[in-house]
Amino acid sequence: MRIGVLTSGGDAPGMNACIRSLVKTGAGRGHVVVGIERGYAGLIDGTAKELGLADVDGISRRGGTMLGSARCKDMMTSAGQARAAEHIAALGLDGLVVIGGNGSLTGAHVLASRADVTAPIVGVPASIDNDLGCTSLAIGVDTALNTIVEACDRISDTASAHRRVFIVEVMGRQCGYLAMRAGIAAEADCILYAEKHISEDELVIKLRALIRMSFADARAKRRVLIVKAEGVRVPTSRLVERLNVHLEEDAPGVDIRETVLGHVVRGGAPSVTDRVIAQRLGFAALQVIEDGVSDVMVGWEPAGGVGDKTDDHSIRRVPLTTVLEETARLLDGTSPVTQGRLRLLAQVEGLLAL
Amino acid sequence: MRIGVLTSGGDAPGMNACIRSLVKTGAGRGHVVVGIERGYAGLIDGTAKELGLADVDGISRRGGTMLGSARCKDMMTSAGQARAAEHIAALGLDGLVVIGGNGSLTGAHVLASRADVTAPIVGVPASIDNDLGCTSLAIGVDTALNTIVEACDRISDTASAHRRVFIVEVMGRQCGYLAMRAGIAAEADCILYAEKHISEDELVIKLRALIRMSFADARAKRRVLIVKAEGVRVPTSRLVERLNVHLEEDAPGVDIRETVLGHVVRGGAPSVTDRVIAQRLGFAALQVIEDGVSDVMVGWEPAGGVGDKTDDHSIRRVPLTTVLEETARLLDGTSPVTQGRLRLLAQVEGLLAL
Amino acid sequence: MRIGVLTSGGDAPGMNACIRSLVKTGAGRGHVVVGIERGYAGLIDGTAKELGLADVDGISRRGGTMLGSARCKDMMTSAGQARAAEHIAALGLDGLVVIGGNGSLTGAHVLASRADVTAPIVGVPASIDNDLGCTSLAIGVDTALNTIVEACDRISDTASAHRRVFIVEVMGRQCGYLAMRAGIAAEADCILYAEKHISEDELVIKLRALIRMSFADARAKRRVLIVKAEGVRVPTSRLVERLNVHLEEDAPGVDIRETVLGHVVRGGAPSVTDRVIAQRLGFAALQVIEDGVSDVMVGWEPAGGVGDKTDDHSIRRVPLTTVLEETARLLDGTSPVTQGRLRLLAQVEGLLAL
Amino acid sequence: MRIGVLTSGGDAPGMNACIRSLVKTGAGRGHVVVGIERGYAGLIDGTAKELGLADVDGISRRGGTMLGSARCKDMMTSAGQARAAEHIAALGLDGLVVIGGNGSLTGAHVLASRADVTAPIVGVPASIDNDLGCTSLAIGVDTALNTIVEACDRISDTASAHRRVFIVEVMGRQCGYLAMRAGIAAEADCILYAEKHISEDELVIKLRALIRMSFADARAKRRVLIVKAEGVRVPTSRLVERLNVHLEEDAPGVDIRETVLGHVVRGGAPSVTDRVIAQRLGFAALQVIEDGVSDVMVGWEPAGGVGDKTDDHSIRRVPLTTVLEETARLLDGTSPVTQGRLRLLAQVEGLLAL
């Protein structure tokens, strides 16, 4: 079989390991893997090349994606979609693996739904924000988290040296997963996340109380770390400004700073978890295509009971429509998964979650 | 309540985050946490001190254990156990959390079984080898894996520069988990793991075939990486010696090296996963004691279906006897978990698992 | 002797190793070291404690400063300076080591010039910007550089995946040293540094030419990395805005992003160079006090001819007035050292320095 | 001009940045750079290809060497040398840059001395051991040091948790530079280095005294770290064995471990210093060839007085014969540079150097 693969949307560490997995296990099973460049853009203009073992040697440890990626407007038009469908046929593909996030999977579903696309289309979840439904982890999340927490650790050095309040804004437009996890690991004093809609005034009142309490004992506490998700409505600079008004009164000698961890968090050598998940999901996507199944995503679902150690029950195939619906609920905060997170944070006492 | 905590056996990254979690959530719930030094040795001689928030500030990111650890022979004698029981009473403990591996949990079970110990005893799994039953991950595993793979990546740089065969031996006396996971992530060509008992001659035959095939094309392949678990019976140096005899014939111009990743792998700043698991398990252990339950371990079990994202169904309490039995089966290779791993490796084609 | 030590101004990785060096070598020579907290603020209010070997055990690898730091307005008033002088006497200090940057060394000179201060005052250069005269390296520079370049490497992963222009702004208000060094190491296409005063229009013209040329071959080049010093007058966002106007025309399909590496760069485990320099300078400062010399800084000056390997000729004592004058010239760009840099960058062809 | 480049001997982080520097600055000056594969082996059999900008894009951050390396026995025979000379002509080279250590530079000198080689031959020092004369730093040293100290930091976590004596053996067959620097940075208690020839019995006596003293106070000190150069005659295992005999008597409850940091230290992403030095030396080598000078090495020599900041006086050209002589003196311990190190270590009190 000839199996196409493309990476689309924001790049995520581990995408390369997933590509390699397709090429390596594909070669062992007699398939030819065709790498499509720059996401759907390359599918629309037919930029592609066959990938051999030598092409993917050593790429698992590289961040980014060797195939390139792009946000592709043309893929949102029916003309673009038609040309993508044509190239699937022209390239002789018997299947297509789409590695990416919400937008990329939407595109995969559109293609899979077309009458003129007979090759199975399979999605693989990759998004450092972990904002996709039907998979407990997406490729890239674990690496991004570790990068964020390393940055928070560095900031804690400085903040402790100076008795500072630090607001660190992390990625996650509509999803506070990164903020929550990173905050727990970095010994944050407070986590502000997108799903909990709290008014600006209430935020300021609660944060002032936290600051007063934290620095009450001049000796004990040396820094306050607030991890804030990108999606929280109140801008970070606005928050700093308002807290600053009362800071000398709330905590004499203390100052406040902000930092935004943006693109710095996206690249880097993938963690072991991201490399393993990526390779497992890549192999699972291959099997889906061999089975002739289309319009599904392979999700990473640790099995209940026996757990991760079994390593053989932890992938499931979910229809892309289900994935996209669950993702939408995740993003608007109505998902039971989101509710579960709120319960968890309420439990971990002492950690203020706003 | 007064809650004791000790870390015992080999140290593991994340132990400190677990201690902090007890102190921090304990303080929020009105408990006093007493840190016992150097594992059971400190319990036997009563070396302990109360821990306040300032004592645990910033320790989540430190490797090792702030309480110290020790392998304690006295704990294997009934005299030693009696003194440990006495000190539990003398220190006024209403519960004791034991953070450690197989030996430590055995000790915990012994204490919990004594008539003169009324305080609940709870185990928290920590062992970089991931050789404990009834938990999908133990504290320290994820960090150790990332450290191993970083080392393998460095070795790949050198091995590729020189066209070399490299055998890297990793920890895991009776358990090939680290070798398996690290091998997958590091793009190893072959994994030798303890659970699969293969004769020395067969090993040599298969590895020679791998080497011949890998370097057959003088251009394509630049290194062969073999990740070997400590528990595999054939010593690494013996393997190198035997392969070396035929190397010039099998792959002209190629040489072979070995390296043992020992203590280097044990310390280091804990990964996010290890910090999060450690904090969650610490809090769960506290709840067990509040519930008056004894002789159990809190295990990390990703819930089926909704997955990790819910974050609130993923801990279960398992009787220590069950844990110790399942651990024994894991270590002798008869566990279904081990069988699952073998199936997995057989699936990931192209990766030779011996 | 009783020797005081304080860290002042922005914290820098390596400050802790310097403190430890004073305590450790001081102990060997019979001195008592007194740690003064939060920089000059602690000297003015007399917050200090004696430091023993156990206090400094393992701190060399920690970022920040164990003594705390602060920018201290009171030190700029004669009342504040008088109280600082009083406390030098009240604490019984026979000498004071000030570890910090330009402002801190200015404060040290002020104290050393007072008639009521008889104890020798010695400065140790610490500033991640490397903006101090009379020392080739300040404590913290090497770590900051490595942190910046790691971030640039991560950004390159993403930028290459997307065919992007990336402007990365690094610290260095009046000194482009970090930008220059980091740019060379990160394979930047262009470095914008503070010392070279170039008009906004000229910048835009040259950067547009660079972008056009870099992406002229659609296959070859995948990213343009511009490293910009904080001190360059044109704001980064303004630059992005102006380049963006023509981007589709200059390089179709390419987009542009910016990121500011601020506080993330300051902390972190010190590099080997920073730890070694810090310990050497700490010991040298101790010797200065033993010799009864005041109002000097110990500078790190690799010796000509025999080089760094000798390791015993590479520290010199420079009067603080000389240091402050040379620093001023460095900051306004008239120093021969700055001229030397310009020559260097002109030589390294292909690297655009604006 | 056509300029050849090869990397030879043990690989060192930074070699790739040096290759890139030749290609990049070479392209700007109208030269063609020819990459010769696997060191002298590739020169002898004529394996080479022209390198373009795309070939070297992004390689500065990769460990190892993209050209491959090998220890080449044929280069020690006159037949091999003759064939190498023939290929220099056959490849049309107007100059050859040899990046490597002592053996590689010896080979370069041999070629430069031949009547049938008219193209200039220039050496660039690369050796993680820093065992080359006439350069204060060789490419790869700074990265190796940082990797060693990271490993020591991890080991300190474990050693402190267990109250352990740890002997860490680092590379440096005849040169204790790595041990000395790493020991200072890692807060070692003792450094054993090759240049100081001390008897086994004396070693044991002094180390026993250190251990007794260090653990005398049961509370204060938690680990003893001994960093030992590979070249020290007494084997590490022998030392462990002898110290172990008395350990329970010298320090009750303490145990002793050893670890050898071998190949793990060689690879990895180059540090900023290694990347900058490599690029500067690469450019300097190019200038040497343009000047028609042969049989020299470009050495990294921080200039006296103005220091590193000037960045334009810090490279010198040294005849290869001088380099090889000075290297020999370094390796047998008679060099004034070695004497300087001994003085330094004697000064840094409290650090036992044996």
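Just so it is clear, A, B, C and D label the chains in written order, and each chain counts residues from 1 on its own.
Throughout what follows, a contact is a pair of C-beta atoms (placed from the backbone, for glycine too) under 8 Å apart; a residue touches a chain by one contact, two chains touch by 3 or more.
Fair warning: this is a prediction, and the values are worked out from it, not measured in the lab.
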Which chain maximises the distance between its CA centroid and that of subunit C? B
So how far apart, in whole Å, are subunit B and subunit C when each is placed at the average of its C-alpha atoms? 40
Subunit C-subunit D separation of Cα centroids, rounded to whole Å: 27
In whole angstrom, how far does the Cα centroid of subunit B sit from the Cα centroid of subunit D? 35
What residues in subunit D touch two or more of the other chains? 153, 156, 160, 222
Touching pairs - complete list by chain label: A-B, A-C, B-D, C-D
Looking at the complex, which residues from subunit D come into contact with subunit C? 17, 20, 24-25, 27-29, 53-54, 57-58, 60-61, 130, 135-137, 142, 145-146, 149, 153, 156, 160, 177, 181-182, 184-187, 219-222, 269, 271-273, 275-276, 279, 283, 300-313, 336-337, 340-341, 343-344, 347-350
Within their complex, subunit C touches subunit A through residues 7, 10-11, 13, 38, 41, 62-65, 68-70, 147, 151, 153-158, 160-163, 166, 222, 253, 257, 259-268
